[in-house]
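There are structures below to look over.
Here come two complexes built around subunit A, the first alongside subunit B, the second alongside subunit C.
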Partner chain A sequence: MEQITAAFPRVTRRRTRRREWLTDLVLLTPGVGYLLLFMCVPLAQVVLRGFGLLAIGEPSHFTLALYREILASKIYRDSIVFSLYFALGTTVVSLALALVASALLQVNFPGRSLISVLYKIPLVVPSLVAAFLVLTIIDQGGIIARAVARFGVEWPELVHDRWGMGIILVLVWHNVPIMIVILSAVMSAIPHDLSAAARNLGASPWQVFRNVTLPLSLPGISAASLLVFIGVFGAFSIPSLVGAAYPKAISVVMSTEVLDRANWALASALGTIVTVLSAVLLYMYYRLIRHQEAAQR
Partner chain B sequence: MARLELQGITKRFGRAVAVDRVSLEVTDGEFLTLLGPSGCGKTTTLRIVAGLIDPDEGEVLLDGQPLQHLPAHRRQTAMVFQSYALFPHMTVQENIGFGLRMRGMMPEPIRTHVQEALALVELEGLGDRYPRQLSGGQQQRVAVARAIVTRPKVLLFDEPLSNLDAKLRERLRLELRALQQRLGVTTVYVTHDQAEALALSDRVAVMVGGQVVEIGTPREVYRTPRSRVTAEFLGITNFLEGKVMAVADGQCAVQTPLGVVRVDTTAGIQVGETVTLSFRPEDVRIGRHEGTTVTGRVLYASYLGAVTDYAVESAGMTLRIHEGGGALRGPGEEITITLPATAAIVRGR
Partner chain C sequence: MTHPWWLRGAPGRWMLALVFFGLASIGLIIPLIVGVLWSLVNPNVGWFPPAIVPASLSLANWRAMLSVPEIGQAFVMSFLIAPLVTVLCSALALPTGYALGRRRLRMRRTIELLVLAPIILPGIVLATGLGSMFIRLGLSHTIPGVVLVQTVVLLPFMIRIVAATFEGVPQDLIDAGRNLGASPWALTRHVLIPLVKPGLFAGGLFTFIGSLEEFVLTFIVGMPHVQTLPVLLWAYLGGRSSIFTYAAVVTMVLLVPTILLMFIAERTLRQEYLAAGFGKV
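On to the complex of A and B.
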């Protein structure tokens, strides 16, 4: 008798649980279904294609030939290295500028509100427009070149150059405001008393920045750097517009492979490399953050 | 060692005057408290001394030398903040050693000084913890250790005990006083808690509306306040307005709604003048004693442990009386009370 009464609620519980599970599934479908359909499916397709699978209208079999081809070719290798180079360069330069600007924006000075509006302008300017803006200023036929030419100074080539100066310049122009938005939000969340206490204990303004503001902004610094790096690493429009003929950014190479040669398989393999590199970086970032948080607990 | 002087310090925020021509002198090794309600300008005054805020007018002098040209980090005025302002990303040791490190001291002597400071505030063994792993009281001690380890000329406290529970506050109050006396460091302490001010200080400066209205030893400001605000801010008091009838034999007779009250003060009192008398509730006694006796009716009585707090109605006025011991009297009871001759005569608002 006791066993029966004990078993009875268990059965109903299991049944309700199954019903709840179904309800959960139905409720999750719009969100998760969207993610599955529009993000995971194309991503899986790209990855599989890179390994020679899922090819349409071609024989489909697993192969590492595409990756071997990429690694063997100097053009592809250079493009990956070049993309990493200007992504890193852009991130470092933007971070340095954004740190200085954000730190200054924490101080009250006349014209501060005007500046905090002005610096956001690049956020609303499309990167293509930005590229043209920069071109007209720093290109060899641009405003600065013309101005200094009068004094017999030859303006160096900063656009379509081997070192990607033009690319980095435009990308920095575009990414500094994004970083400032993130960094100044993080910095203004640091209690004022902390910097006051540091100054009171004998820290000069630079020492306050170095020992208090900077370490306490680390979460924001790493998030902003990551965001900019990953975004710039796969950037297409600006490298294709102001980049040199060689080396080309990886995204530019990918587009050439698809548009000029209809080589979807190779473009997919390159795309996989970009995605994996970004994912590895993201993973390392979370490891670092978790490590930092664990150290302080 | 260190004498601190404030001369005519004024600070405005927009149109509001936060600090209004404050002049003070803190002698070497003295513990001075700025006491006042919130928004009276006491914290602003403290931050001006620390160099965290620049005054609009006036000067801060340390041992006769003006501090105006010295930035905050060169002032040697260590401050304990209300929020403690401990650096969350540094351990207790690193927090305490911060000031020494900023002054370019080598790691080895820093460790020695930090250990000494930890021992002084009885936090040995907690050096490797992070501030968030400490209780409020422990954090407060770290903040104190961090301030004293730099051997400052002046120690500044900005309501350092206000975030602690009552019992801990009382204990740390005693510890702070003992520590300050042991170090003999000139100290300015800001609080809105009158008990804290009385217990800790050599002298108390009462601030209201940006101005120092009164300054004196705890006993002076409590027993013989010169202004109404001081009397009111430093605890419960009974005010009695009246007209001076006669001044003779070191006493003056004041005609009040409760009859003629004799007071043991004559200094500067003129016959015919209107004055306000201030009686502390513990000075007013139940029964017939030496002094001026009046009759009244108990409105309420609340037992507080050490004393019983009575409100007594007499001639249309309500008097507060604190009686230690004695029989408990209920509401409605008719009693005789004695107003002692030790009342303070206060002027102004």
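On to the complex of A and C.
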């Protein structure tokens, strides 16, 4: 048998390799082909249109005029800064809350299993519904405002406010569970021996958290933060409903350019900025989770 | 014990439980109750500050689902599009997910990154690109157009869930079946399909509910002719005109399936499938 295979090794191997490759291609074509056609092509069009190419209803030629327009206009600049601001704010606040919550969820308290189902509900709630639910509570006509009004306290304007407090609140409500899922998975994977050893050597619980738990959760912390930041930076529905008239989030500006002014070129230039930033962060996130999966194996 | 002293005894743990349940009720249970109350407000009386509880309740807003044509139409539209998207996603994701889950691929990293991208890239950017593309193709404001754009964002979840499902099938079982003389057909029928069924079911459910909830792409590509429930909700919440009571009704219609999914997923399905779908660590 071995002699036979030794006689024609190359031909058969090459042929099976080619057949394998063809099978892969046939299997991958539906999914990957669809994404290439309906994701990569439109994204490429957005980027090209941002540079004045592929223009709709105008002569197209390469130009940086759209980016100059964006940089020159206070409205567009402010929208980019505002989006970065609430994305960063949401990420920091959610991370702080999620760290505390997932550290406490490691403790075995009565009703923990119920809590670990309940806290995941916002994960599956659509963002529009999240906006509605939080609005009924924190808006000026909301439940808290009504309750404190009895004691003569005037509830501050949290929705449609200049500082985007309403946006951050709703986004935090929506994103904390994702962070807790990731962080508590990472934290529960930390061997118990380590923290026990640290405690035996005289570390206080706070020192254990600060010097053992936190450093070991760092990959999870960075992955979760990147994920939340990208998602929030481009979020549309919540800023469009809870945001102020000025400044507007970059996604809201894009939608008005498209729907109200049919200015696809400018929306594309703004979209390119968002895409480049998200793509860089996406690649960083992918590298992170690859590392973690490799470490787990 | 590694816990601080205040968490070691029973009282500390009860305190912790109290804190968590307090937070859950402020953050989750009260908003849900208030949402239900808004959907039950009597439109003739209203619910104005400073009343904490509406003065009069009625089912008038729920009856509006039948009497107000736009709500009924959006309902039909949503439940027409969701099965179409689910079927399309399953058909496209099955072969690709199988290849990703069970075969050694060249360019695996590139493909994985490509599949991760629509989950993470902002919907508004995809919507801008697809919106102009579909205007040229004549697919804007049509049901097929909306089905196609929703598939772009939901297909990656389906592919990831299918891939995780096939990856989770133990090779031993297949080898054992083959050693015992099962034909490829029998192997598929009696070993592979029963093992992957829960995962595929989870993927389908996930896609169906994802389609019911999808907003940004449907909004940009479908407006104004294709109005699904989330698009209507956006309008009721202050997009163009603000009607809080109708918004509450639409909210409840959208919320019930997602919470059901949540509980089904928690109880019956392996967490990995859902985690794979969310694209998380």
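Criterion: the second predicted complex is superposed on the first by the 244 of 297 C-alpha atoms of A that agree within 3 Å, B and C clash if a C-alpha of one lies under 4 Å from a C-alpha of the other, contacts with A are read in each partner's own complex, and residues count from 1 in each chain.
Keep in mind that, in the parts below, contacts are C-beta pairs under 8 Å (C-beta built on N, C-alpha and C of every residue); 3 or more make two chains touch, one makes a residue touch a chain.
Every value quoted in this text rests on a predicted model; they were computed, and no experiment measured them.
Novice: Using the touch definition from the top, say if A:L216 reaches subunit B (first), subunit C (second), both or neither.
Specialist: In the superposed model, A:L216 contacts subunit B only, not subunit C.
Novice: In the overlay, answer first, second, both or neither for which of subunit B and subunit C A:R199 touches.
Specialist: After superposition on chain A, A:R199 lies in contact with both partners, subunit B and subunit C.
Novice: A:S73 in the overlay: touching subunit B, subunit C, both, or neither? Say first, second, both or neither.
Specialist: neither
Novice: Touch check for A:T16: first (subunit B), second (subunit C), both, or neither?
Specialist: It touches nothing on subunit B or subunit C.
Novice: Considering only the touch criterion stated at the top, classify A:S255 as touching first (subunit B), second (subunit C), both, or neither.
Specialist: second
Novice: Which partner does A:I230 reach: the first (subunit B), the second (subunit C), both, or neither?
Specialist: second
Novice: Going by the contact rule stated at the top, is it subunit B or subunit C that touches a larger number of residues on subunit A?
Specialist: C
Novice: Of the partners subunit B and subunit C, which touch A:W264 in the superposed model: first, second, both, neither?
Specialist: Only subunit C; A:W264 stays clear of subunit B.
Novice: Once the structures are superposed on A, label A:L27 by its partner contacts, choosing first (subunit B), second (subunit C), both or neither.
Specialist: A:L27 sits against subunit C, while subunit B stays out of touch.
Novice: Where on subunit A do the contacts with subunit B and the contacts with subunit C coincide?
Specialist: Touching subunit B in the first complex and subunit C in the second, residues 196, 198-199, 204 of subunit A appear in both lists.
Novice: Taking the touch rule as given, give the residues of subunit A at its contact with subunit B in the complex, in rising order.
Specialist: 191, 193-194, 196-204, 207, 211-212, 215-216, 296-297
Novice: Flag every residue of subunit A that touches subunit C in the complex, lowest number first.
Specialist: Its residues touching subunit C are 21, 23-24, 26-32, 34-36, 38-43, 45-46, 49, 56, 104, 107-112, 115, 117-129, 131-137, 141, 143, 145-147, 149-150, 173, 178, 181-182, 185-186, 192, 195-196, 198-199, 204-206, 208, 220, 223-224, 227, 230-231, 233-237, 240-241, 251, 254-255, 258-259, 264, 267-268, 271, 274-275, 278-279, 282-283, 285-286, 289-290, 292.
Novice: Given the complex with subunit A, which residues does subunit C contribute to the contact?
Specialist: Residues 1-4, 7, 13-14, 16-17, 20-21, 24, 27-28, 30-32, 34-35, 38, 48-52, 91-100, 103, 105-106, 109, 111-118, 120-133, 135, 148-149, 151-152, 155-156, 159, 209, 213, 215-216, 219-220, 223, 230, 233-234, 237-239, 247-248, 251, 254-255, 258-259, 261-263, 266, 275, 278, 280-281 of subunit C touch subunit A in their complex.
Novice: Quick one: which bits of subunit B touch subunit A in the complex? Just the residue numbers, please.
Specialist: Interface residues on the subunit B side: 47, 50-52, 71-75, 77-79, 81, 83, 85-89, 98-99, 102-103, 130, 132, 146-147, 150.
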